[in-house]
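Here it is: the structure, laid out below.
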C-alpha cells in the first residue's frame, strides 16, 4: 500500500472487489443480497434467552454533530404539549388532551445506515451507474434506502476489537487501523465465525471513551476504524453489512496522505456494501462479554424515506 | 354505551381498565412490560421460512397528511448530490464524491408508534402523572419514546379483519366499528390466539382502498377501526401493543356524539397501551392468506428521539 | 408571437432584451443597478403623509402552497411558551420567563423575491454564467440573494390593472394576459409615470378574489399576469424590479402551447430583472384609489440568506 | 441598585416604567405606538444622499448560535439546482431550468426583532396579560409579530457608543455596562437628539471584535450592553425601538448576582419596548463617522409570521 497514491490503491481495490453486475443490472440492494431466508432462519435460532438490546445512540441536540457539511444534531420541537392541554388551549371535548411533535435532522446525524447512493467513485454510483443519474436534488432516484426496507434482519455478529486489542482498556486509540488479522483473531478469540449474509458490528470502544470524556472531535476527527486493507476481507467474507461505533467506519486520519474516506470509495459504490455508523454496541458488548456469546438475531430496518441516501435506525439485537 | 355521554363512558372505562401503578410508580413502558423474554423466545420460534416483510408506508411528500394540527408530509432535501459530485463541486480528493440529506417531518406523519405522552385524560398522563409535568415545550420529560428503544421485538399476530369481515372485498367500509367479537372471531378463523405480550396488527383494508382510490380523507376522516367497546378486550388480553392500517386506530366518526378519539383517551393514558398507526400490513397479509400462518416475529423499534411523544418506525415481520 | 414555438420566441426575446455584460462581468445585481441614489432621493420625497403599508401576505400554514415541487406552507413551532413559563418549567431566576420559536419554510412560500439564480435559460444563469457553476446543492455561489441586501429601497409605483381593466370588479379574470398597452394606459389613467430604477407593483386583483373565495389553485394554477409580450416594456423602461399579487408574475396558462413560465426565462437569466411574487398590494391599492397617488417610498429588503435563490420579504410602502 | 436583589430592583423598575394600559386594553404594538406619521415624515426628510445600508448579519451556518435553548444557525437546503437543470433532470420544456430552496431556522438565530411575546415577568406578558393565554404551542395568539408588519419604518438614530467610549478602539469590552449618561453623551458628541418614536441603534463594537477574532461566546456569553439602570431613559425618551450589535441587548454578565436578562424583564413585558438584537451597524457607523450624520430613514420590517415571538429582519438605513 503506497501511502502517497490513494488514487492508485483505490482503483486497484475497486477493481479487485467490485460486485458490479453480480446480481443484476438493476440491482438496488448490493451485499444485502447475501442476506437470504436461510440466513434469517439461522439468525432467529440464536434467540435463546429473549434478551433484547438497542444499538442506537440517542437522537437529540446533545449529539456529536458540529455542522460539518451542514450535518447538525436533530432539532425536536413540540406542536402540542401537556402544559397547553392542562391550561385548556386545545379545544378538544370530554377531557382529552394531546401532544405532538416534529423533527428536523440530517439522516446521518446519529445511528444510521449509509444508503448505496451515499458515496461515488469517480462519478460512478453502485453497480456502475453514473452518479448524476442516480442522486439529484430530488434524492436517490434509483437506490434510495426505501428499497432495503424489508430486508435488514438476520444474523448479527459482534466483533469487540476494542476489548480484544485494546490492551485491557476495552478501547482502541484514535488512529488505530484495524486489520484483517485483528478482525479474524477477534472472532476466533470470541469463538464466533463470520460469513456470507452476516451483519457484522465492530466495537472499537471510541464511543465508550467519548461518552466518558465528551464528544470532542468524534464527528469527523481522529478515530479507530477499519484499515483500508480490510477491503479484501469485506469482499471475501460476503457479509451483508458492517457497522461501527464511530463516525466514519474506517480509521481516521485515513491511511493515505491527503485522502478522505478511501475505504468508503471502494466498498459503497464498488462492492455495494451496506455500512452503518454511529452505532452504540456497548450494552450488547457487556452482555456478550458476560455470556461469551457474540452472535444474535439483529433487525436494523432503515426508515423507507423515498430517495434517501441514508437512514436513521434503531438496531435491535436479541439473544 | 350512551352515545350522548362520552365523558361518562370514558370515565367508566378508564377506571375499569386502568393500569396505573401496576408496574411501579416510575414506570415508563406501560403494556410493553407484558413483552418479556419468554415471549421473545416464543416469537423467535415463529421464524420458519425466513421471509421478511416491511409493514411501513413510505415517508415522502406523496403521503396522506393535510396540515391538520400542523401535521405535514415529510420534506426531504439534499445537502449534496451526484450531480454536484460529477460536476466537480465537492472538493474531495482522489475521485470520491458523496451525497447527504436532511428530513423535516412530524413524528406521526407516516407509519408510527404513539408514545405514552401522546394523549392525556383530564390533564393526566400515563401512570397518573400530571400532563403539565410530563410534556412541555422541551418534550416528554418522563415517558419519552426513547425509553422503549430496546424492547419492541416479540411475537406479532395479524388479525385481518378486513379479509374476515369485509364481505369478500378484503376491506371494511369507513365508519365500521370493529367489536371484540369480530376480533376474536377473526383470530379463531385464522387459527391463531392472542395473548399477553403480543403485538397485534389489525388490518382493516382501508389502506388498500386509499392506495387504489387516492388518499382522500385518510388522515383524520372516516375510517374503519376499533370500537370504543374493545377497551375491555385490549385490557384483558394483556397485549403489549396494537397497530392498524388507519390514521387513528379507532373507528371514525367516533361512536359518541361530539367526541374525539375516546378510545385513545382510555388506552394510552390509563391503560398504558402502545398504539401504532398508519402501518401497512398488506404484503404480510397476502402472505398470511397464502400460507394460513398469522403469527410471526415482529421488530418495530422506535427511534430513540429524546423526549418524543411518537416515533416513525419501519416494523419488520419475519415468518 | 407563434403560439406553437415558445423556444423560438424565447430565444428572440432573450437576445433582444439581454442585459448580459451591461454592468460588468462579475455583476450580481442585474436591474437593481438601475436603482441609484438619485432614485432613492426621488422616492423619499414621496413620503408626504407618513402612512405606511405592508405589502406582505402572512406566513403560516393557512397559505396557498400545495406541495408542488416540494413547496409547502411554513411550519412554525415553539421552543418555549408562556404555558411552560407559567407552570415553572423554564428554570430562570427572579420571575423572568420567555418564549422562542423556529420556522421551516421554502423561501418562496409566501411574499418573496426571486433571486437571480432562480431561473436558467438553456443552462445559463444571469449574466451568461453556466448554471451548474452558479447554483449547486450548496446554494447560489455567485448571485445569492444576500448581495441585494442593502439596495432594495427606492421609488415604488403601483399599477392597479385590476382596477383599471377589471370592468368595475377590481379583478382581472384568470388567464388574462396584461399587455404593454394596458400597463401604460393604467399608468396614464393613474397619473403616474414608470421609469428607470422604479420598483413596479402590479395589482391584478387575483389575491382579492382568492381571499374571498379560497386559495383554490392560486399556487400554480390559472391566473392573470403579464403577457410574454411585455418583455420589451420591462426592458425599455429600465425598471429595477416588478412584483405582482399572483403566484407566478406572468399570465397562466402561459400563452404558448406546452410551455412553462416563458417570460421568467427571458427576464431573470437574460434581463437580470428582480421579480416579486405573492405580494399583497390591497391595502395600499385602496389608499391609492382614495387619494389618487400611486407612487411612494418602497423598501423591500430580502433577508441576506447566504446563497439563497429567493427570499421572503415584507415590503413596506410609505406615502 | 442592590446587586443581591434582582427581583426587588426589577419589580421597582417594572412598576415605575410600565406602559400597561397606556394605549388600550387590546394593544399589540407597545412603544411602536410612538412611531407615528409625523415621525415618518421627519425620518423621510433625512434621506439626503440616497445611500442605503443593510444592518443585517448574514443568515447561514457560519453564524454564532451554539445550540443553547435549541437555538441553532439556519440550515438552508436546495430543492432544485443549476447542476440538476444542466443535466436535464427537471423535466421543463423549452430550455427553462430553475432552482428553489428551503430554510429551517430559529426566528432569533441572526439579526432579529424580539416580539412582545418573547419575555414574561412573573407570568405576565405585555399589557398585563397572563402569559399562558398569550403564548402557547400554537404561537403568540395575541401579540404575534405579524401585528407590527406595516409599522417599523421611521427615523433611525445611531448611537456609536463603541466609538465614543471605546477609548479609541471603537469597541467596548465585554461586561461594559452602558449607562444613561453614556448614551446621552454619545448623542451629544454626535450632534444628534433622541426622542419620541425614534428607532435607536446602539453600536458597542462587539460584533466588530468577534468578526475579527471569531464568534467565541458571542451568543450568550459576556458582552457590552445597556445597563439595567437605563430603563428610565428607555421609558422617558419614548423611543419606539432599540437595537444593538450584540446577542442580548443588555450587558452580560448581568449586573445582579444570579440573574438573567433583568432589563428584558422590565422593558418587554412591562414597557412594551421593541428590542432588536444581532444587528450589524458597522457599515452604517463608518459612513456616519465620515459624514458626521447619525440620523437616517430606517425600515426594519419583521416578516409577518403569524404568532411569532420574534422575526428575522434586514434593516435598511437610508441617508
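Letters are used for the chains, namely A, B, C and D, taken in the order the chains are written, and counting of residues starts over at 1 for each.
Here is the rule we go by: contacts are C-beta pairs under 8 Å (C-beta built on N, C-alpha and C of every residue); 3 or more make two chains touch, one makes a residue touch a chain.
Given the structure is predicted, the values throughout are model-derived calculations rather than measurements.
Participant: Give me the rotation angle that lays the C-alpha atoms of chain A onto its copy chain D, rounded to the nearest 5 degrees.
Facilitator: That rotation is 180 degrees, given to the nearest 5.
Participant: Is the C-beta contact count larger for A-B or for B-C?
Facilitator: Between A-B and B-C, the larger count of C-beta pairs in contact belongs to A-B.
Participant: What's the call on chain B versus chain D, same or different interface residues, using the half cut on shared numbers?
Facilitator: Same; most numbers are used by both chain B and chain D.
Participant: Roughly how many whole angstrom separate the Cα centroids of chain B and chain C?
Facilitator: 44
Participant: Using Cα averages as centroids, what's the distance between chain A and chain B in whole Å?
Facilitator: Taking the average C-alpha coordinate of chain A and of chain B, the gap between them is 26 Å.
Participant: Residues of chain A that contact two or more other chains, please.
Facilitator: Residues 70, 75, 77-81, 83-84, 86-87, 89, 102, 104, 132, 136-138.
Participant: Among line, ring, star, complete and other, which one matches the pattern of chain touches?
Facilitator: complete
Participant: In the complex formed with chain D, which residues of chain C make contact?
Facilitator: Chain C reaches chain D through residues 6-7, 10, 36-41, 43-45, 47-54, 56-60, 62, 69-71, 74, 76-83, 85-87, 92-108, 117-123, 125, 130-140, 146, 149-153, 256, 258-262, 264-265, 283, 297, 299, 301-310, 312-316, 318.
Participant: Quick check on the complex: what are the chain D residues that touch chain A?
Facilitator: Those residues of chain D that touch chain A are 61, 67, 70, 72-73, 75, 77-81, 83-84, 87, 89, 104, 132, 136-138.
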